[in-house]
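Chain IDs A, B, C and D follow the sequence of writing; residue 1 opens each chain.
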Amino acid sequence: MAQADFYSDNVAPVAGAVLRAIVAANAGPAAGYGADAVSQRLQRRFGDLFEAEVRVFPVATGTAANALSLSALTPPYGAVYCSSVAHIHDSECGAAEFFTGGAKLVPLPEQDGRVSVETLREAIAGAGVGRPQKVQPAALSLTQGTERGTVYPVPQVRALCDLAHEHGMKVHMDGARFANAAAGMGVSAADLTWRAGVDVLSFGATKNGAMGADAIVVFDPAIAEALTYRCRRAGQVFSKMRFVSAQLEAIVEGGLWLDLAGQANRMAARLGSGLGRLQGVELLHPVEINEVFVRMPPRMVEGLRARGFGVVDRGGGIVRLVTAFDIAEGDVDALLDAARTLE
Amino acid sequence: MAQADFYSDNVAPVAGAVLRAIVAANAGPAAGYGADAVSQRLQRRFGDLFEAEVRVFPVATGTAANALSLSALTPPYGAVYCSSVAHIHDSECGAAEFFTGGAKLVPLPEQDGRVSVETLREAIAGAGVGRPQKVQPAALSLTQGTERGTVYPVPQVRALCDLAHEHGMKVHMDGARFANAAAGMGVSAADLTWRAGVDVLSFGATKNGAMGADAIVVFDPAIAEALTYRCRRAGQVFSKMRFVSAQLEAIVEGGLWLDLAGQANRMAARLGSGLGRLQGVELLHPVEINEVFVRMPPRMVEGLRARGFGVVDRGGGIVRLVTAFDIAEGDVDALLDAARTLE
Amino acid sequence: MAQADFYSDNVAPVAGAVLRAIVAANAGPAAGYGADAVSQRLQRRFGDLFEAEVRVFPVATGTAANALSLSALTPPYGAVYCSSVAHIHDSECGAAEFFTGGAKLVPLPEQDGRVSVETLREAIAGAGVGRPQKVQPAALSLTQGTERGTVYPVPQVRALCDLAHEHGMKVHMDGARFANAAAGMGVSAADLTWRAGVDVLSFGATKNGAMGADAIVVFDPAIAEALTYRCRRAGQVFSKMRFVSAQLEAIVEGGLWLDLAGQANRMAARLGSGLGRLQGVELLHPVEINEVFVRMPPRMVEGLRARGFGVVDRGGGIVRLVTAFDIAEGDVDALLDAARTLE
Amino acid sequence: MAQADFYSDNVAPVAGAVLRAIVAANAGPAAGYGADAVSQRLQRRFGDLFEAEVRVFPVATGTAANALSLSALTPPYGAVYCSSVAHIHDSECGAAEFFTGGAKLVPLPEQDGRVSVETLREAIAGAGVGRPQKVQPAALSLTQGTERGTVYPVPQVRALCDLAHEHGMKVHMDGARFANAAAGMGVSAADLTWRAGVDVLSFGATKNGAMGADAIVVFDPAIAEALTYRCRRAGQVFSKMRFVSAQLEAIVEGGLWLDLAGQANRMAARLGSGLGRLQGVELLHPVEINEVFVRMPPRMVEGLRARGFGVVDRGGGIVRLVTAFDIAEGDVDALLDAARTLE
């Protein structure tokens, strides 16, 4: 029997409303490269969502959103601070280095996926500001929710942004799971980003019910100007943009993005809570979005896989389970039941 | 009344079969990043189509396909020869320069969009091969069908490839309208590419009925290896790849790509033929694919636009009209009727 | 018998005063990377020379000076206009593309090596400003004296700079033979550069008596800040900087640079004048600095070479002769005598 | 009274023989860009020195030598392993990232500046070879002598190279203080490099008596071909190359490089030994080349500086003292005497 897949949120299908929006967008000709009505409307929709003038650049992948964002924030001789487990550092095949012309990612120690203000302060203090042999602090990249399934509380985001700005740096937020963070915290998109000091956001939708649609959301017009060209030059401007814009519009329409992410979060909470009660299973990080990290006996991992559950073994007995928007209580309980038999 | 849009083939909607394939792909979870069944199958489908072992890399845009292809063919100190009207040179915001680490595009004189063997020979002869102050001939990029609505006959492709290979260069084919060329010439995909010496093809589908799906088709495993990483690093590997692969599969399934392109070509022929008979209209290039280039009185251009027809004025009275796959005889005739009243 | 070498001005040895300055700089320890007394003094010397606050970055080669300068003036998606015979376009193996992260050099038609205001205006008009598929006008690079042995009169420099600035572009001057231009025109360094609107100058000294010392002279502090890091990152900051600074100081000390260049210019004038009187020899460009371009019968070229004279055959019977600072009247007359026997 | 400067070996002047060679090279015209007699001879001299066919590329700085070397060894999506204190990682303003098109430096834990075979093995094991989201192991860069004043014994170099080659990687040696390592170990240049598996060497001369001359020494013709163009494109090919070649020739002539380095090493040994006997001073690493690292009371550091001794305080009470080739016993003893009064 096929079991639910907890491998990643990008194994999930496309949410119904998104698919319907794609189909609806397929009516007759429309101007290319973002000049169509849906794409134009999208700019305003995101403006409403973020309660600000913003510029939205739909792109094909989260990697593109991140790397393009950073390319607009750092000179080639800049240092980009991120956590040591940041996706941009660890899992994007050097995209950030490529798009920035060779800027340097500086991985910082993290706790539960979060970089502390103190850690950033020390890094800047030791960076050699003004010394020509040193790459110069240029940008901070925060992942919200983090790669360890946690979130940055708003005051921490603000404190990190303030510190970065004091030193002339810009702040990027990798929001591959921004919806999960916003839903989990019950905080508005504006409060989570520009009101706290974020300059550019990678707004992830693909992991949250879209088909292939992420977006760069820019709160600063000067950055937007550069991205107009950088996106095109990167082959990230769809000629039939309407179909990507339609996905993004459908995702934010009526708060769907928060509904989907909220469901995913609740399933992760249920899963984490259930697993944490099992003998020999250790919950490694607080479950604040839709990811659960546990230490689990090898026997249990193998048993779950043998029974058809997709889970990621990260080595050393550490297992990650991700609940996409389409995971239901029954899926979670089926996994928990199976795990119990493997205690 | 809304009229047909002859602005570009990317103003067209998505072909029905493609949309159905996307919907069909949306069934339950599937592995990400191309490990899904549709994407795996796509490799074989393209192998069948090209009668060879190939590697297919689905990407978001034609610009990405072109620039990534070139990045695998030239060192940063290489010269990439193309026609002076090549899309890679003229309309991709320097993508080729970006992806190659600063290789130099060398535009060559063209006739009807085609570069002649003699022209290429002279360019290589004057390139300063082996002189360190000169960028070194590394790649040739041919557009098939060309940016002037014509095609390269197979013998000319072969002669150009032979010449390039003799000088240690590789050959890229920009096939944004490859389907139109293949349909127009009645030549197999294999004969048009690797059998004639092409090393890498940008296979365009977006202009031919897809939603957002182009592909790099590689005939050389060593190049494929590098592209595996280059594509990822460029943010061009979709996590939910199945939805892009499904588009490509639907396009080639049962020869749909040739049917759609053939229809587009026929409409262009009809349009070109009709326009060519008008007073004051001069057909500028043979109509061999789905583009018509004419010199037209300003009054006629303005009149067509006033009546709602999308056409591109390229300056100097030169007008481009593109017939997408969804243009019907009635659309063409309506434009011709309108034009006649503007003679 | 060894004859003088008219092959290039970089076949010449080092001027005596420069060599003495190097030897003088070799006294005991000195701080590295430009913190030494000579290098500090150099900043002021160039300030005096240019009658302005400037920042000087000594670098190893003219190619480095040009490419680094441009990297500070254009974003990667920029267009850099230059003449079609510009050294940066033709003879630096793509250095500008490399250092700028893939900006595009746009070669413009020239007359006697000079780009006209009208030509630049047309290029900008056709550039597609604001269109994302087009690289955006970012910089103009003028060579003074030009690659054809001529100079730009000051009013022309000013008009070109004004036009560039009107369109938000910056202006670079490739001054590989800046000394020859200044000496030939009898114009001050300030009048030739920032007073006419030049933003950054590649100040060439190697061709004019130095050993290996060119410099970027920056008239805008914001550009200087970026170059501090870009130069280091390019491996262009000498640890024992004093020895390069000493060369530059010696070159400008007491007007030596103008004396050396003046001598070179006079010899070129003598040579050009003499050759122009010969049967079958055609002077191709006005001789305004230290280069002479002639069309000459193959027999004469071969004969001169057979007699030991270094000259460059550029193909098509076009011959370039360069007079370095160490060429004397006797050298010129010997060549003219030889040429006469080959008429 | 002026005291000796232990700040760095690049505060030293130029060795007499080197200066004489420069002066000697200044005789009449000579072909540019390495076609002169001295530069041609240099190729053979280095061939003799390394007992192999080599290609030598003289460059302006050690940073250029390192970054250019790496650019020929790794694709842009490669990982370059080095120690966490490697100069290429820490003190070259991202040059390696720039020249390689954005490859990733992966800093590894070190002990006394050395990376162990075990550490490298673990790094490769965890690198995700073949996984597209990961930069791929491409090169290893070893510093010989290390940034902590130690050397890699030949068997360790060989074991590291073997391991790297087994995984398809290439090996670069940063030999900014290669002479000090060779002199200290009494090992031939060949045994220290290609015989142990090194593919490319940055041969430092500037820190060892030259004026501004480092060299890339290549043991593989395919790499040399690429560097021909990469060096030019980087503005690292001197037009008056003879003056740089002459420095390199003088340095290796008659073993001068080993004599100078040997003297520097002996002075470091004397200094380290003397400092190690002082109350409150702790020798932090074995003194195997010409650098001494100690922990020293702040009072002592300040006192030494107040008495005019140049030393580098690296923070946390850690002090580096470097003995250049021109440091004499009296200089060392003067510092030791001063330090004793500050115990």
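Going forward, a contact is a pair of C-beta atoms (placed from the backbone, for glycine too) under 8 Å apart; a residue touches a chain by one contact, two chains touch by 3 or more.
What you see is a predicted model; the values in this text were computed from it and never measured.
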| item | value |
| --- | --- |
| Chain located farthest away, centre of chain D as origin (C-alpha) | B |
| Fraction-based call for chain D against chain B, same above half, different below | same |
| Inter-centroid spacing, chain B versus chain A (mean Cα positions, whole Å) | 33 |
| Cα-centroid distance, chain A relative to chain C, in whole angstrom | 50 |
| Sequence positions of chain D contacting 2 or more other chains | 33, 76-77, 92-94, 98, 101, 132-133, 135, 229, 232-233, 237 |
| Arrangement of touching chains [line / ring / star / complete / other] | complete |
| Chain A-facing residues of chain D, complex | 76-77, 91-94, 97-98, 100-105, 132-135 |
| Residues on chain D engaged by chain B in the complex (per definition of touch) | 33, 75-77, 101, 132-133, 135-136, 226, 228-233, 237 |
| In the complex with chain D, residue positions of chain C that touch it | 2, 4-5, 7-8, 10-14, 19, 22-23, 26-33, 59-68, 92-95, 98, 206-207, 211-212, 229, 232-240, 243-244, 310, 324, 326 |
